[in-house]
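Two complexes are shown next, each including chain A; its partner changes from chain B in the first to chain C in the second.
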Partner chain A sequence: MSDITDTTVRPAPDPLADGTPAPGDERMWTARLRGAAVRALPPGKLLPDRQPSYVASWVYVFGVLTLGAFTVICLSGVVLILKGPSWWHESSVGLFFNSIHLWSVELFFFFMVLHLWGKFFMASWRGNRALTWMTGVIAFLTSVGTAFTGYLSQQNFDSQWIGTQAKDGLNSVGVGSFFNVLNFGQMLLWHVLLLPLGVAVLVGLHLLLVRRRGVVRPLPAPGRARHRGVGLQVSSAAPVAEEPAPDGADR
Partner chain B sequence: MLSTLVDLSRPGHYLHWGFIQISVANAVVIGLMIVTFVVAVVVPFRAGGRDR
Partner chain C sequence: MSGTAERPGSDSLAVASRQPDAEPWHGPTIRYDLVKEFLVAVVAMAVVAVALSAILSSPDARPLTIRQWAQADPSDFVATAVTELNGTSPTATYGPPYNQWASGEGQKLGPLGIERWAGVHVPVDTSVDFVLAPLGVAAQSDPALAAALRQYASATAGRQQAWATAYGNGLAHAGFGDGGVTLPPGRYGPVAPMMTGLLDMARTGSLDADLLASPQFYGTDYTKPLLFLADGSFMANQAQAQHLTGTQWGMMNETGNYPGQAWLWLYTMWYQVKPFTTTGNADALVWATMMLLTLGLLLVPFIPGVRSIPRLVPVYRLIWRDHYRRLAAASAGTVVPPAAQQPQRA
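And now, the complex of A and B:
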C-alpha cells in the first residue's frame, strides 16, 4: 500500500462562488441576471440567522401558520386530484382527505385574516413597503376566488346551489361570458391550476418582498416618539431610529 | 353530544339583524378570530433563545 499522507483535495477557486462572473463573461445575460438577483437578495438577507426583536410577535406566527395551512391545502388537493370526485364523496379515506382539504382552507383564511388585521393596524405599508402590502392583499383576494371555485367543484347539491345563485350576480357585471360558474370543467380547472398557481406566485413574491424590504418597525407608543414595540403591543423599551431605509438597509 | 349540537343534515341556523343575515357557523368563526386577535394583542410573546 502506498504511503499517502495528504489526501485533501483543494478545488480551484470558483469565480462563480460569490456571484461574480468570470472575466470576459460580465455582459452575458446569465451573469447580469445573477448579479441583479444577488444584489437584490444576498443570501444573508434571503435567509438571515437573526431577526430584529420586534419580529418576535404573534402577527408573524399567524403568517407562518397561514403558510403551513397553504402547504396542507396543496398536498391534500393533490391527493384529491389523483383520486377524483367519486373517491372523495364515497370512500372513508376520500371523505377524510376531503375534510382535511376543507379544514385546512378554514385555518388558512382564519390565520391569514388575523395576519392581515395585525399588519393593517401596524400600518405595515410604511417605509416603502406598499408592494409587500399589495401582494398580500391580492393574494387574499385570489384565495377568495380559489375557495369559491373549490365550493363549485364539490359536485354535490351545495355546489349546484352556489353555482346557480352566483351566476346571476356574475352575469350582471358581465363576467359570465368568460367565467361560467355553471361550467364544472372550467371551474375545476380554475380551482386546481390557475388560481392556486396565482396564490403560490403571489405568496412567493410577498415573502421575497418581506426579505428584501425587511419587517416593518412597530408604531411609536402614544405620547412617545419612535419607541420600540414588542409583539402586537407597543412598549417604551429602547428607542429606535426613524423609519427604515427604503431598501431595507436597516436589516 | 356534538352531533346533536352540529347537525349537518339540517338547514343551518341564521342570525338576522335588519338587512344583515349571517349563519351561526360564520358568526362563531368571526367571533373566534376576534377573540384570538385580542388575545394576541394582550398576551406577550415569549421569545426563546438569546437576544436577537
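And now, the complex of A and C:
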C-alpha cells in the first residue's frame, strides 16, 4: 500500500491539525477516512466545552445518567464474568455484585425512558436528527433484549419461569428456532457479549450523531402568534425570519 | 459541574432562536463540561446502585429440580410422565421448533402460519427423551425394568396407547409411598413398572442428570428438563404463589418484591385484555402488535400527526422555560442573567 520508491524528504505534515493529508497522500484510504472523520467531527465539535444557552434544563441530565448507569452495569458485569456464572449464588460478595448489576439495570431503564420521553416532547428529531432518534430507539430495544437474556441467565427460578413462558411468544413467530431461551449457554453468551456489544455500538453511534448535529433547538416560543400552522412564533420589534417547521425539517 | 457563564454569540438570543434548526447555533453559549458531567453521572449511579444493593439486595429463588418435583408432588410427576410417554403432553403436541405438528396447526397471523415456517430446530421426542431413554439407562442394572421396556417396545402403538391411557385413568385412585405407586387393579401392562421406575429415578435425582445428558461431556442446554417441568402443574403452582403467571402480568415480574422487567409492561399488558385473552393466537397477535408499535416508535419522525404531538402537548414549555423567559426578556429589551435562572449544572 505504501510507495517505497518515494524517497523525497518533506516536512512531516500534522494530519491531526485539520485532517488534511500531505500532498500526494490524498488517495490513501487511511488519509481519506481520517479526513472524512475530522471534517464530520472536528475536535471542537466532538468534545465541545460550550453549549447553546438553551441547554440549561434538567431534562438533559437523563441522557448522561443513562450513560452513567450503563457504565456501572458494564463494570459490575465484568466482575461477575471474572468469577463465573455460579459465583453470585454461593458468595455474599457475589450476591452484592449481582445486586449492583440488577439495580444499575433498573436505573439504566428508568433514566433511559425519561430520556426517551423528554426527547419525544422536545421533538428532538427536528433539524436532520431523525437518525439520532432512530439509533436511540434501536439502542433501547437492544437493551431490552440484553436485560431479558440476563434474566434468563440467572440460573434460578426466575430464569426457569421466564424462559418457559417467553418461549411461546418467540416460537409463535418462528424466532425460537434460532433463539432458544431454554438454552442457558446460548442465552449467557448473547447476554455477556453480543447484545452488550450491540448496545455499546448503538450508544456510541447515537452520541456521535448528537455531537455531529448538535443539541436540538427549542420549539418556537409559546404565547405568541401562530406561524405556518406548525408552532408559535416569537413576536418582536425586529423583523421575524421564516421559522423552520418543527416537524417538517427532520430529514 | 461547571458554572453556566454565558458568552454572547455572533447573533443575539432572539436572532439565533429564529435560525433554521439545522444551522449551527450562533447565539449565546454557556460552559458545559461534558467529561466532568459524565464522570459525576457514573459516580452518582454507582453510589445509588450500591446503596440500593446494600438495602434491598437482589432475588435469588432456588431453581426447581425434577427431584424436588417428584418428592413434593409424585402424583403430578407421574401423571405428566405418562402423557410424555403416550405423546399427549403440551410439549409432545407443541409443534415447531420441538417437533412436527401432532394436531392443530399452531398459531397464525391471519393466513400466515409463521410458527411453522422455521421448522424443527430443537428436536424433542418426549416419549424417548423424557421416559424411554432415561429408563434404558436404569434398566442396565434392573432386569425387571429391562423386561418391561422390552415388552413395551415390542407392543403395537395401539396397545401402548391403551396401557398408557389405562394407567392415566388409574392414577386418579393411586396412592404414593416410598415403595412407589399403588394402583387399583387394571390393564396397565409394562407402563406401571416403567412409571414406578421413572419416579424412583426422579426421586433420587438421577433423572435430572439424564435429561441433561449431552453427547459431549459438557452441557449448557436445559431445554429438555425445563420443558418436562413446565408440562406439569408443580412449576406453575410455584409461579402462582409468586404472582408470576400470565394473568398476574407474567414474566414482567420476578420473585419477591422487586421491580422486575418493568419495561416489558406494554408487552405484558396485551395478555391481560381482549381480544388477546380469548384467542388461541394470542402470542402471535401480541408479537405482531408489538412489532407494529415498535416500528411506529422508530419512525415517529416521519409519521404525520404523531410527530406533531410535542407541539400540542406543552411539556416543552416546561423543559425550556428559562430559555423562553430570557427570549421574551431579550425581545422586550431587558436582560435576564442565565445563571440566576438555571440549575447549577453544566
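Here, the second predicted complex is superposed on the first by the 205 of 251 C-alpha atoms of A that agree within 3 Å, B and C clash if a C-alpha of one lies under 4 Å from a C-alpha of the other, contacts with A are read in each partner's own complex, and residues count from 1 in each chain.
Quick note on the criterion: a residue touches a chain if its C-beta (ideal position, glycine included) is under 8 Å from a C-beta of that chain, and two chains touch if they have at least 3 such contacts.
Treat the numbers as computed from the prediction; the structure is a model and nothing was measured.
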Please work out whether A:Gly127 is in contact with chain B alone, chain C alone, both, or neither, and reply first, second, both or neither. second
Based on the superposed arrangement, let me know which partner A:Val93 touches: chain B (first), chain C (second), both, or neither? neither
Between chain B (first) and chain C (second), which does A:Val55 come into contact with in this model arrangement: first, second, both, or neither? both
Quick check for you: in the superposed arrangement, does A:Leu197 touch first (chain B), second (chain C), both or neither? neither
Under the stated touch criterion, which partner chain does A:Leu114 make contact with: chain B (first), chain C (second), both, or neither? first
First (chain B), second (chain C), both or neither: which does A:Glu106 touch? both
Tell me which partner touches more residues of chain A in the superposed arrangement, chain B or chain C. C
First (chain B), second (chain C), both or neither touched by A:Val78: neither
State which residues of chain A lie in both footprints, the one left by chain B and the one left by chain C. 50-53, 55-59, 61, 106, 113, 118, 230-232
Could you list, by residue number, the parts of chain A that touch chain C in their complex? 47-59, 61, 64-65, 67-69, 71-72, 75-76, 88-89, 95-96, 98-100, 102-104, 106-107, 109, 113, 118, 120-123, 125-130, 133-134, 137-138, 141, 144, 147-148, 151, 154-166, 168-169, 171-178, 180, 182-186, 188, 213-214, 216-219, 221-223, 230-232, 234-238, 240-241, 243-244, 246-247, 249-251
Which residues of chain B touch chain A once you look at their complex with the stated criterion? 29, 32-33, 36-37, 40-41, 43-45, 47, 51-52
Residue ranges of chain C in contact with chain A within the complex: 4, 6-7, 13-22, 24-25, 27-35, 37-38, 40-46, 48-50, 52-54, 56-64, 94, 96-97, 106-107, 109, 114-122, 220-223, 226-227, 229-230, 235, 238-239, 242, 244, 246, 250-251, 254-255, 258-259, 261-264, 281, 283-284, 286-288, 294, 297-302, 307-311, 313-317, 319-324, 326-328, 331, 338, 341-343, 345
As the complex stands, chain A meets chain B at residues 50-53, 55-59, 61-62, 106, 110, 113-114, 117-118, 230-233
